[in-house]
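Two complexes follow with subunit A in common, the first pairing it with subunit B and the second with subunit C.
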Partner chain A sequence: MMTKVKTQGLVTDLMPNIKLMQAAGHFLFNYHSDNSGMSMLLRKVYSSVHAVLIVVNYVCMAINMAQYSDEVNELTANTITVLFFAHSVIKLLFFALNSKSFYRTLAIWNQSNSHPLFTESDARYHQLALTKMRRLLYCICGVTVLSVASWVTLTFFGESVRFIANKETNETMTEPAPRLPLKAWYPFNTMSGTMYIAAFALQIYWLLFSMAIANLLDVMFCSWLIFACEQLQHLKAIMKPLMELSASLDTYRPNTAELFRASSTEKSEKVPDPVDLDIRGIYSTQQDFGITLRGAGGKLQTFGQPTPNNPNGLTQKQEMLARSAIKYWVERHKHVVRLVASIGDTYGTALLFHMLISTITLTLLAYQATKIDGVNVYAFSTLGYLTYTLGQVFHFCIFGNRLIEESSSVMEAAYSCQWYDGSEEAKTFVQIVCQQCQKAMSISGAKFFTVSLDLFASVLGAVVTYFMVLVQLK
Partner chain B sequence: MKILTKNIKDKLSTLLPVLPYGVLESWDDLDPKLYHAIHIYWLKFYGMWYNNFSPFNILFWIQIIYTLIILWLVCFLPGIGEVVYLLKRKENIGDIAEGLYLFLSEMYTYFKIAVFWLNKDKVMNLIKYLYCEEFKPVEAEHKEFIRKSIKTARFVMTYYSTMCVGAVSVGIIMPITENFDILPTNVEYPYFNVYTSPAYQILYVHHIYYKPATCIIDGVMDTILAAFIASTIGQIEILAFNLRNFDVVAERRRKRAINEHKATGALSEDYHIRTVLRDCIIHHNSIIRYVSMIENAFSLASALQFMLSVMVLCLIGVQFLSIENPSSHPMQIMWMAIYLTCMLFEVFILCWFGDELIWKSLDLRQAAFEGPWLKTNAATRKYIIIFLERCKRPLRVTAGKIFVLSLDTYTVLINWAYKAFAVMSNMKK
Partner chain C sequence: LNSENLFLNRAKIVMKIMGVWIPPPNESIISKIYKFIMMFFQYLILLFLIIYVFQMWGDLDAVSQAFYVLFTQASLCFKVTVFLVNKNMLMQLLKQMKSDIFAPKSAEHESILILYASKIKRLLLMFMIAAQTTCALWALKPLFDDVGSRKFPIDMWMPVTSENSPQYELGFVFQFVTITISAYMYFGVDSVALSMIMFGCAQIDIVKDKIMTIVSIHDAKEDERKKILQDNHKKLVECVIQHGAIASFIQITENAYHTYLFFQLTGSVGIYCMSALRILVIEWQSMQFFSIVSYLFVITSQLFIFCWCGHELTATSEDLHTVMYKCLWYEQDLKFKRDLCFAMMRMSRPMIFRAGHYVMLSRQTFVAILRMSYSYFAVLNQTKKN
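This part shows the complex of A and B:
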């Protein structure tokens, strides 16, 4: 029986994704419980076998493309397929070469700070992030399986032919080809018999695994972005209580006791990691607050005269709490910025390659789309490729856009809480937050472009323009 | 308002219940109702306003029946007729494209009404929000700004609807010039021939009723968003005035407090300046919240409006080019030209008001800087610093989060409409 792996931070949240990636053959060798030499060797062999199979089949497809490159339609169709699966090969290689960077990003959230008054808000948004990440994973897995199934189903419709150009008359003839999901060159004859069934099985395996490899890596990227966005939501949510806490330091307010009650309306999902020693040293249990609060129905028990510096009669511990709240906010924000920077460094180049290949693929698909002449296999396959490619681009554009919006709305949240009634310290804090959050946090594709819905709109606009121009040239 | 002198107003006072609020009444109390009075009046006239009675009241059912009758007359009957007409010509895609523009723009009006009914809570909240404490004018200058914005809102509605009704009347008199060969809108019905004698006259009268009705409802739906934005702009101008003159405003407040024997009258000038700035920030926050409420209520309708306008504009262009013998059909040419102008104007109104909002909110930064902050102390200046930080980002209304209502978007849309028109006209050849 495998002992449970001790994981923390992002790795715990993304464990299903990581396990799926390991199963699909990515070179992901960390995060196992059993790290003995034998199992490591087995895992490396497993990944290598997958890698070899994927690359070999890909090369066979490329050979097929080179073989039948005389006829334009055949060449275009084969090029689109080859480019489509280039994503998988590139992502497999990218992960293998960059795994250190991925491990570093996954480890960034291992130690996070905490503040006793904000723990349940933290836990709530963390749980929200977890739910969204799981939902995304299931959704993309479903889409992958559905795509493979519909691809295999579509193979059985229509004529199984390829186009050949007759060199003498310059006409296009058709020649029978094996009825396989992908056109590839195999050293054995795959027209019929056991070899045909073997090739078919190999291709189904290949389709499933290569799509899974590409999609799972994208899901990991988007899950990181979801996590960052939910952390920003948490920071926005605690802005108002933070202002009130800070105001209680130097302005008289009734019912200050409410502020210091760590509300237990929601159950804390997990115990926060013990890191921030400043706070932990002083507030060992939440009982500390309970004692001071059991006064007359929530009113603060004052044990001395309220001094001008302390109009609400806060105890020293409460004063320390209030002062450390701003520190918690700033440290957490810096942590999120570090996470986003690390995500950008890790995945930026992969995004750049993805966009380059997608642009070429979409241009060719626009050309193919002008040749649609009815509801047939050709139309379905072209529209299927188009939807899938645009869907992949949309997938990471929408999460990148959400990150940009969340990070720039922090400034609006800071402004809309009642800072004008707060202390001078709170006002300075709001001023610095407003200045810092003017520039939104964004992910860039190796500094060439920013991942946002504008990118998706420009890609879509380019495809429509190419289509319109090519339709006129027909 | 200047046209109607007091004498005429007295004589017309019997018509008070049937005219929109604010035509004969005075505007002295600057009731926020004035912004939307004309819009709500026309919606009520055609039974398209919200049904606020309880289901146990007989008036609820009377209103529902009235709404259904009007919907049947102006939406379903012409809609069915146009669909049948288009289906009878479905072999020729060019003919369909020509008839489609009218069908699309008319049916889209009722889609806008449906979205409007769907967003009933949001729109009612918006109207109620205008009565909030922060939006009430205090100084005389404030009242001037509000008066100006009310005038803009009502002016846009009145003149845009008049223009559209005028355009449609050209369409209505078209059959007269064509010797009663055609109807104002090409419709056909399955069970009888529309060009025979009694049916033709009845349908002509029906068209004379329903075309201006659709126009006015469409005009209301377009300009109601503009009216909300106009009210926001009025509030922003009040805020800008307060910021530019916060010392004067503080002084007036202090004098008012002394006159009313309030405790705050005894406090220093500094306290009053701080209070004025604090109220400015609260006012600013209310305006920001109001703009996001506007966006929530009208985002979907505006986004679809933009996408549809692009389609309709390019179809009108194609139709324009396909009129053979232009010199012998001057009315047709004029009708096309006027319709094109109306469509361009429809989108322009939304984009212009959105753009105006962006510029006025950027003006707030200038206003804060122009105020007499040099005379104040550091703590007071902190308010202005944080305010300036917030004003770096302008207030904007987006349509479906994709399009921002601004003149840049307008240019992009016209561009796309022209591209689509060029492709389609090439394909027709």
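This part shows the complex of A and C:
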């Protein structure tokens, strides 16, 4: 049986997503426990078969579109369907070509720093991120399955016809077409019989897998953003105990136990009394105190002599703990910035393609929407396409917006933590942090646009404008 | 000087009469029943309106007439529900209003508070009068416009017909009273949200006043200088703490009331279209025309008050950054200057009140909403002509 593959960091958190992507046919060949040549070959064959089937059926749909391009309504409807599924083909190809970049982003969080005072907070926010990521995955999987189910159900309603333009009289006639979910050209006759059933089954498989391919990649992107946001929340939460710790360095306080008591006025991170922690045994040398940078990372900065005028009578270890807390915070923040930059580099181009195709699709859908004349199959299918396309755009816009808000609110958290009582060192730290955090971290679509709710609002506004203009032109 | 009473006394009285203010800890069963009955009537009217719209679907005129009353009623039900659901946040806000940080420390501060309170109360009074006028005009419509035929003030599905005598009067009174109550509830809930924002503005002005009382050390004697410097630094720290408290106060207000504000802003666009379409068809001599015009005035004034308040908050907090620079910082010690630098960095970010955590309340938003409504109205008008 397959042994549990040893993973760390983001890969562990995103394992269900990765497994689903491998099942859907993405060219994701890492993160298996068994890497023998035979099983790798089998996996490559599996992905290639899926890729071939998806591309072939897509080409059949395109041929159908070219075949019946005389009549405007038929052409518009077919173009929308072709564009709709272009997302899946593009995402499949994009992942196959850029898998190195994806692996690199997934590996960024493999080694993270830690500090004994803040491990509890770190674990809590990590768990929160994990819960949210799982919930998002289930939600999107549910939506995908629901969409496929409703698409197949809708096939059985209404007339199964296609529109043909009569060349002599220039009016539209209807011609019977096979009752399939998607209009495509097949080399065999699919009007009835076993070939009809085979084509139907193929199309159901195709619908499910192509939607899954597109959506699962988007879920991975949004999960990365969720993780980054929760890390920023963790950093905001430990700001206050960190300030109190730093304040202890050169503000005279009579009682060392007072130093680490969390302020009782508001709910804040519980800073444990360091004499409870078994630091005396573990951190006996200056080399292995506070910060443990496992694996790759910078050289550990050794602090010099402890300040001679420390009036609080802190032991050397306690003082190192206080100083190392600031370093932990800054290093962790830099790590998050690296993660966000890597996410942007990896997925930015895919977002650009997505937005380009969605814009064209939505324009055509606005035109289709002007022709709705009642509650029928046409109305449902047009509204379904609209909702799904807008929903996809909304999905990554909302998470991109959350990242922007979280990263720009770090400054407010830093400002609100009673810095005026702190030491000069602490104040300088907070000031420099605030300067950096004034500029929010954002994801851009290959530098063309920023992913935020403004983008979604402008897309929605554009659709409504086109709709109104087209309605007036009728 | 009790800030809560200064800003909210009218709203409190109105809402206590309506039974929807924060209940005391040991609320009697009678007041609970009273609140339930009030809310029940409002939701009942909403239900009747929805039934009417479904009945009249297809007739654009009748639907547009019913639609704007439907939207108003839906907006009110949503508002009062959000208000009641978020009463914990309201209690927190009221507690903060009474806290030491926000207490006025001099006559100057008190006059600032009184000034802002009177500003917002005047605007809300104007809104209240307009709302009551609209209700009165709606009530007078059957008496003036359709004399002879007995119709109800507002077209909606009624469980009783207008033929039988006692039922007609009962139905008439029921509609009139419930609509008037809904206007008062509107006034009450909006008062609370807007008063909180204006309280925040007043507090920012108080901070400006405080920082300008930084004393010069130029003329002081040598031994007094240290003490003055310490006092000035203490004042700066007080200002910083107060600014942080104002920011969190506004944040709590936004969290409590942003949903219905967003709903109202987006709905106002539809209201303007529908009302404008109605105005074009009705002859201008009738009572109905005046009632629609007065209704439009009410909606516009409400929208404007919100956008104006949001803009006041943003403008005042931007001004604070400039005023911080105007104080006598160059005579103070290094510690003061470094702390001032940090405080100004934070204050360079203005406080923004966002409806639905997204739409910024400002005068530009008001103009944008009017523009959007006009373009939708133009399209609908064109479609109707064709």
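In this text, the second predicted complex is superposed on the first by the 420 of 474 C-alpha atoms of A that agree within 3 Å, B and C clash if a C-alpha of one lies under 4 Å from a C-alpha of the other, contacts with A are read in each partner's own complex, and residues count from 1 in each chain.
Operating definition for what follows: contacts are C-beta pairs under 8 Å (C-beta built on N, C-alpha and C of every residue); 3 or more make two chains touch, one makes a residue touch a chain.
Source: prediction; values computed, not measured.
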Counting only touches as set out at the top, which of subunit B and subunit C does A:Q435 meet: first, second, both, neither? both
Does the superposition put A:Y420 against subunit B (first), subunit C (second), both, or neither? both
In subunit A, both subunit B and subunit C touch residues 411-412, 415-416, 419-420, 427, 430-431, 434-435, 438, 453, 457, 468, 471-472
The answer for subunit C against subunit A in the complex is residues 237, 240, 244, 247-248, 338-339, 341-342, 345-346, 349, 358, 375-376, 379, 382-383, 386
Which bits of subunit A are touching subunit B when the two form their complex? 408, 411-412, 415-416, 419-420, 424, 427-428, 430-431, 434-435, 438, 453, 457, 465, 468, 471-472
Which of the residues in subunit A end up touching subunit C in this complex? 411-412, 415-416, 419-420, 427, 430-431, 434-435, 438, 453, 457, 468, 471-472, 474
Of all residues in subunit B, those that touch subunit A in their complex: 278, 281-282, 285, 288-289, 379, 382-383, 385-386, 389-390, 392-393, 401-402, 419-420, 423, 426-427
